[in-house]
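Take a look at the structure set out below.
Which chain is which? They are A, B, C, D and E, in the order written, and residues in each are numbered from 1.
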Amino acid sequence: MVPYEYYLVLSGLLMVLGFIGIIVRKNIIALLISTELMLNSVNIAFVAFDMKLHDVAGQVFVFFILTIAAAEAAIGLGLIMAIYRMKKDVDVTKIAELKG
Amino acid sequence: MSIIQQIVSGLGTPNFFVLMPEIVVTVTALLILVVELFTKNKTLLSTLAISGLGLATVSIFFIQQGDVTLFGLYIVDTFSLWFKFMILITSILIFAVFNPYIESKKTFYGEHYYLMLFAIVGMMIMVSSPNLVTFYIGLELMSISIYILVGLWKKDYKSKEGAFKYLIIGGAGTAIISYAIALIYGKTGSFDFLRIASEIQDKADIGVLGGLLLLIVGLALKASAVPFHFWTPDAYESAPTPITAFMGGVAKLATYAVIVRVLIGAFPFSEEIWAYGWAILAAASMIIGNFVALRQKDVKRMLAYSSIAHTGYIVGALASGNAIGFQALIFYSLVYVFMAIGGFIFLSAFEKNEGWTNHIDDFKGLAKKHPVMALYMLILMFSMLGIPPTAGFMGKFGVFIALISADVWWLAVVLVITSIVSAGYYLKIVANMYMHEPVNDRKFNLTPMEKSVIAFLSILTLLLGIYPAIFWDISNLLTQSLVMVSIAR
Amino acid sequence: MTPEFVPAGFPILSVSIIIPVIAAAVVFALNEKMAKPISIITSAIVLAISSYLLLVYDPSGYKIQFYEKYQWIPQFGISYEVGVDALSLTMVWLTALAFFVSFVWSTNIEKRIKEYFVSFLILEAACIGVFVAWDLVAFYVFWEVMLIPMFLIIGIWGYAERLYAATKFFIYTFFGSLFLLIGVIGMYIYNFYSNGVLSTSYFDLINVKLPHNLELIFFLLLALGFAVKVPMWPFHTWLPAAHVQAPTAGSVILAAVLLKMGTYGFVRFNLPWFPEASKYFMPVMFTLGVIAIIYTAMMAIAQTHIKRLIAYSSVSHMGFVTIGTFALNQEGVNGAIITMISHGLTSGALFLAAGFIYERLHSYEMKDLGGMAKFVPVFATLFMISAMASAGLPGLSGFVGEFLALLGTFKVSILTATLAGLSLIVGAAYTLWLYKRTMFEEELLSEEKIKEYEHLKDLNKAELWSFLPLVVFMFVIGIYPNWWINLINSTSQFVLHKIVGG
Amino acid sequence: MDLGVVAFWILSAIAVVSAFGVVFFKNIIYAVLSLISALIAISGLFFNLGAELVGALQILIYAVAIVVFYVLVISTVPEYKGEAVDPKYALLSAPFGFMLFMELAFVSVYGLWKSGTGIFTPQVVQEISNAKAVATMLFTKYLFPFEVASLILLVAMIGAIVLGKKDIVED
Amino acid sequence: MEYLWIIPFSPLVAFVIIGLFGYKFLREPLAGIVAVIGVAISAITSVIGFMDVAKTGNYYNLKLFNWMTVGDYNIAVSILWDPLSALMTCVVTCVSTFIFIFATGYMKGDESYPRFFAYLSLFVFMMLMLTLSDNLVQLFFGWEGVGLASYLLIGFWHYKKSAANAAMEAFVVNRVGDWLFLLGILLAFVTFGTLDYLEIFNKIPEVSVGIITAIALLLFGGAVGKSAQIPLHIWLPNAMEGPTPVSALIHAATMVAAGVYMVARVMPVFAASEVALDTVLFVGTMSAFIAATMGLVQNDIKRIIAYSTLSQLGYMFAAEGLGLFSEGMFHLTSHAVFKALLFLGSGSVLIALHHLLDVQKMGQIGRAMPITMGTFLIGSLALAGIPPFVGFFSKDPIIEGAFEINTFVFMFLWAGAFLTAFYIFRLFFLTFFSTDRLDPHIREHVHESPPNMTIPLIVLATATVVLGFFREFFINFLKPSLDPHSMKFLSEETKSIVWEGLARSHHVEIDADAFHFLGHSLTSFLGIVLLGTALAGIFTAYVIYQLRKVDPVKVGEMFQPIYKLFYNRWYFDHIYYAIFVYGYYKFSKLLWFVGDKMIIDGVVDGSAKASIFSGDIFRKTQLGRISGYVLQMLIGTAIFLALFLIIR
């Protein structure tokens, strides 16, 4: 079997990539996608721990994470639509009227 | 099959009666959801909401305390009941002044009412969580509702931008919290606070450290501590002002409560880690929050930064890592919610009127036009600044005691210096109200309800400063109950 | 030396704190015309109460009289504890007098009369509270409450740069008092750890035996808080700014009462709590005191704005109080206390004089003034008496305190006393300079000015009646200081009992 | 070499590469497709770990439902023309991202994780099947969060509707 | 002797009455009358007391009330009535009475008439507190009080800039002396534990000479200020801005003599320290000479007399420095009389000439005002030291004593005597005789003064003539206070110390009896020389200013540097002005700008600015762009984790 640490490291890597995705992408839809990636990366860790612990609570938790990811995606996309309608743009550099 | 039986048998039956407030609020929310389809009568909707909340508040008094139910996922102790009570009461105040605002801003949505109610449910779940799952799910219910609430402003682009920023950052925060929970789960094999506490009693290794630190980061993000505060000013500024009050007051209160709950419940034995961690975050929050607030022209945004600073003060109490610290935190958060809501409701009450943009210059000469309102604002501002005899002082006083009792002198000094800096902007508001001549003699309309809510909040702030013993008793009691519970179980 | 407590049969001190607060509420509720009479009556009642207390106070032995204690925040062992010893009582009396005078003076406030009197009444309550509180948290609460009304007073009824001055005043004092708060809490915590007593009462904290370096730290923390208020050099720059901008009555209160709080704090807390540290820091305090005396006297003479001149002179006088206090002997402390009272009277009177001049001539700048003496003889006389009292002329109040303070200092450090004594010269120089530039040299005036001056009105009734009490008490203290010295003797003995023993 | 190990390496390689794709693909559709690819790889990993239910849900909820939603939105929003990645931010975030990754990896590798205390040993799971085990937990012990999760979805649904409504923009 | 309390308080009552009711009810003549009555009562009382002491030679110590308690010591307001204080009190009250009477005429028509008499009464009260005190603090009270009165009276015509400046200068310069004086008091208190003279005297043997010297010198510092000795003399000539009765009373007869009195009062302290006595001697001698040289070339009638006052005070101090305390006090008495006379005479002249001060512009008014001229001549002769006037009997013994004790001092005093005779007769001739240089407009109005001004002149002139013959009486009268062996209140040890301290004067034999002394000086070489010197001075003045044989301008040009030095008053004023007035003021201004405004406020306002600046910096972190936010969060998280994982 693969050591659990590997799964964890993978999870961490995906997490960081999601993080970086939010930072570097200029399209706001991509930001949302990146958060999805972050949330999903956690799932790997949960499932890996579950296997190690001989428990299924982690998988239950994964279920909740999925729910929340879905909810966030829904709201995020709704917001993106609204923003696009008003601003006619999805460039993150333009979505910066509030600052300072 | 034996295993499933085994699981089911150990669970006992859930006691739904203790869920009364949550159920009442949820039912109210669903009721409004339905009613809203048929009527656009705002008064009816808000009356419904308020009466639902009122009912929930009343029901709190009939609940048996100290019950852990729903298979160990829900705890109804003094702590949670008190915070639920506070959440409900403060929410009622916000609902009371909500209608005139959205009416004048022409941004009515029936969704406002029940989304707020759902958020309240989330908070209530949050504060009575003995378990990371409940905590997580409550937190998310609250957050997601608030994401929407921030964005619910007709024809206002900024509101969407603020909501989106909050959503993305909040989403990242959720991911971080999830990851933290994963690590803690991996370390302890459980989500239950007590199990976690007993598992990591004195085996604070890197795994716990990583989990705990990430959890702190996530919580700090939700509580808008620096450097995870970036959503706060934008979301606060862009949201409809009563919603800002809701976020900045009620949601903050729930967040602080859950911070205490998680830390005492799950990590009572690694206090030197989180104490130090919170100390750093607190110091950063105080510094950034106050210094940046100094340069704000928009009072709403200024108060947003001030709320970041207050997060610093409040979580700063955790740096002591002892019971006094929790007590101070609870006290401060309880009184802070009044000040914050008071401040934002003040803005919302005036914002309805033409010619009020929340700009600091709009405050000029307010004392002449509205002497009583200005006095209330003065009390609130001085309370935020921490000048006795207001509750804000007592809050800071408790934090000082906590810090010094734990020998965290450096944070006390940071608190002192940043408090002094904060005088710069609070005084600016007071000075504008009192020491400048009005730019014009336009009077502002305020509904009696708004006036009385603001009056209630500011006088309460004053009274709590003059006689804080009751609230100290409460904070003491809550701390005791938390600590006792975690020791006893 | 443990104090004896004489409980009050009737909570007279609490009443005298509450009366102004109630009056403030009443004034706020009623219309503007009633504001002034109510305020005057209130302050007269408070003055009567404090005078009565002064007369019935028993100066034999160290007793805390009219003592009341109620639980306030039992969780932290905080109680509402008030009572007076001679030091408190004289300060309370001074406060009551100063407020009475200010209220009587404030006839020509046109702007926002209600708020004006409300601010002052709240301020009065807070000031009295500071002096009578024996619980440190109560003390601190009163100490800070004061900031709010004073901020408003300077900021609303002040002159051109009032905003800057008010903010500076507020932030400066806030800065100091937060360190004071830390120091107090530190003492409280240490007391709890070492004695297991959870209390913020003065009489519990006085029993704390601190390790040496901790004592030094706490001393410094408290001293920082008080030094800003005194104000000691180099924390004094808020004072000229605040005085220059404050309205007349505000200046009077600031000078007569608020500055006393700093020195009150030194005498009340630093000496008995930190005897070793007091000895240790005596040279530092002496140095700062001497700098305050000489340096600010030079500042004073460099001014052309009369209120700023008086403000600097206040700093200079408070230097005397500092060195008197830290001479750590009975003469010094007695001198410090009497200087406090005397300075309250003289500086109050001088600021009234400045206010009078401004109301008549609408300027504080020396170049616009001068030559008034002939046209307003009564005022000129009273002003002269006040100036002379301020310059420390024997027979008036200023001398008594300065003499005792110098004597006390002389016993400890001849050099300090010698340098401090220089204020005899420089103090006279700036005071007379002030007097000369405002009242004398009529021949330098232009024709039109003299015509204008001929219409000058001398003190009106209100002004006279606010000026007179101050002047009368300058004489009273100057001519019969023994009564006051007897009054405060036991208190200063108590204050020093850890230092000199007994 | 174990099949599981091979599967792990392949799937994780796919996941990482796809994640990079999410981050760096200029065309947003490609990014979404990368996300799907990553999600499928992750669900593959779940299967590899023996968590069939979650793996299936992952594909169902994510790869199908959510991504469809994304595609819908993308199709409404015209193609974004600007550059995909802000090089300045990429440069700045890379070292700190690496640092964070190292820290997480450090935690993962050196954390003393607990093992084998639960009741669901591989034998048990084999006996009752993973789906049943998870479902049992979900509907007994975690019933309450499950209900709240439904509330969350309700809220999200309302939110998506109300935010996407046209009258939020126009009257 | 309880009635003695009347002495100080009767003027005080007058002061209070005039002060409170002067403007409303009393106005012009009444206020003056009240003041005169007040001071007359105290004069009569003090004469009665004087007689009593003269009869018995006892001393009385009355404690009126406790003023201040310092530790175990009570500072009491009290009266010490011994020959010394009795003499001084009598001088003060009697001279005051006549000057008050004079002033009722002099101040006629002045709009501040009541104020003037209030101040004068206040002055007398303070002066009496000073003279009657039995302790140093009460002395200091009076000391400062007379300073105040002097300030008020110099600045009486405060509408004049010069008067206001002079008043302030007088007060501040006096304060320099008072500073030292106060330190002396403090040192004395710390040393002796008491401030009562009698107790101090008896504790002298217990204290080391060094400290005694320090106390004596510090106290003498006060005397230097009050009695306007070099180097603190500059205020006195300027003080002539005040009305002339003030100059007569305060700046000639009484207040300025307080320093002399004080030194005599604490004589045992001074006597116990040789250095102190030498200092007194030196300062006195220098003042006597330098002031005389300054008086030589002045043109302001009152200033000339003022310099003469300085000079005569120098003689008194010199006498005390020589150990001849009785002679000093006698000179004080006589000087009070004849100098008051001179001032009042000049006041009479000023009234006649409408306050014209420049002697160069007067002349030939003697015929118009004979009484003034005559009495002024008597005063001048007394000052010059011509027998049988009192000045001769009081001044010559001092010079003779100096001759026996210290040649150096003698030379200066002798030269001073010549100068004195010269400048006073220069003044006399220029004013009353010489050529007529008067403005014709003024000339028309020159007339003799009214009787309430001339009568005091006549009385004082009479006293000037008569008083000298009471020399023996005075010397003997003062013995119980100034002769160690006769001082009843001294302990034996102190007596011996004082006796040794005064050793320098033991071999001096000066006849106490006036006629013997007169005979002695007319027969002995020294006496003739001194008399000759005075006459020479008068003659020189006569030659130059009356006969105009020598042109004074030419003389001035001949000795240009010296003339300039004298004319500019040895540049004292210039130097003081440069250092203390101008320098101090400018330095203060500079310090205000640099120290307070730039450094301290710079730090304060700078920290506010720094806060705002850092606020702006921190504000930049809120970029508005999500990428930036999350990047900072990433950085924050990474660092936060690193803090604990790596550093821990």
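As a working rule, a contact is a pair of C-beta atoms (placed from the backbone, for glycine too) under 8 Å apart; a residue touches a chain by one contact, two chains touch by 3 or more.
In this text, all values refer to a predicted model and were calculated from it rather than measured experimentally.
What are the chains that chain B and chain D both touch?
Of all the chains present, those in contact with both chain B and chain D are A, E.
What are the mutual neighbours of chain D and chain E in this structure?
A, B
Does A-B or A-D have more contacting C-beta pairs?
Contact tally favours A-D.
For chain C, which other chain has the most distant CA centre?
Farthest chain from chain C, going by C-alpha centroids: D.
With centres defined from CA atoms, tell me which chain sits nearest the overall protein centre.
C
What's the chain with its C-alpha centre farthest out from chain B?
So the chain farthest away from chain B turns out to be E.
So the centre of each chain is just the mean of its C-alpha atoms; given that, what is the distance between chain A and chain C in Å?
Each chain reduced to its C-alpha mean, chain A and chain C end up 64 Å apart.
Suppose each chain is reduced to the average of its Cα coordinates; what separation in Å results between chain C and chain E?
37
How many angstrom lie between the centres of chain C and chain D, each centre taken as the mean Cα position?
Roughly 69 Å separates the two chain centres.
From the C-alpha centre of chain B to that of chain E, how far is it in Å?
78
What residues in chain C touch two or more of the other chains?
171
Considering chain B alone, which of its residues make contact with at least two other chains?
133, 136-137, 140, 144, 147-148, 151, 160, 163-165, 168, 172, 179, 183, 186, 189, 206, 209-210, 233-234, 295, 424
Among the residues of chain A, which ones contact at least 2 other chains?
Answer for chain A, listing residues that touch two or more other chains: 8, 11-12, 15, 18-20, 22-26, 28, 31-32, 41, 48-49, 52-53, 55, 57, 60, 64, 68, 71-72, 75, 78-80, 82, 86, 93, 95-100.
If I apply the definition of touch given earlier, which pairs of chains qualify?
Contact pairs between chains: A-B, A-D, A-E, B-C, B-D, B-E, C-E, D-E.
Please name which positions on chain A make contact with chain B in the complex.
8, 11-12, 15, 18-19, 22, 28, 31-32, 35, 38-39, 41-42, 45-46, 48-49, 52-53, 55, 57-58, 60-61, 64-65, 68, 71-72, 75-76, 78-80, 82-83, 86-87, 95-100
Using the touch definition from the top, list the residues of chain E that touch chain C in their complex.
Residues of chain E touching chain C: 19, 23, 65-71, 112, 115, 137, 140-141, 144-145, 148, 151-152, 155, 158-161, 163-165, 167-168, 171-172, 175-176, 178-179, 182-183, 186-187, 189-190, 584-585, 587-589, 591-592, 595-596, 600-601, 604, 608.
Considering the complex alone, what residue numbers of chain D touch chain B?
Listed in rising order, the residues of chain D that touch chain B are 103-104, 106-108, 110-114, 117-120, 124, 127-128, 132-133, 136-137, 140-145, 148-149, 151-152, 154-156, 158-159, 162-163, 167-171.
Along chain A, where are the residues that touch chain D in the complex?
So the residues of chain A in touch with chain D come to 1-2, 4-21, 23-27, 29-30, 32-34, 36-37, 40-41, 43-44, 47-57, 59-60, 62-64, 66-75, 77-82, 84-86, 90-91, 93.
Using the touch definition from the top, list the residues of chain B that touch chain E in their complex.
164-165, 168-169, 172, 176, 206, 209-210, 213-214, 216-217, 221, 226-228, 230-231, 233-234, 273, 276-277, 280-281, 287-288, 291-295, 421, 424
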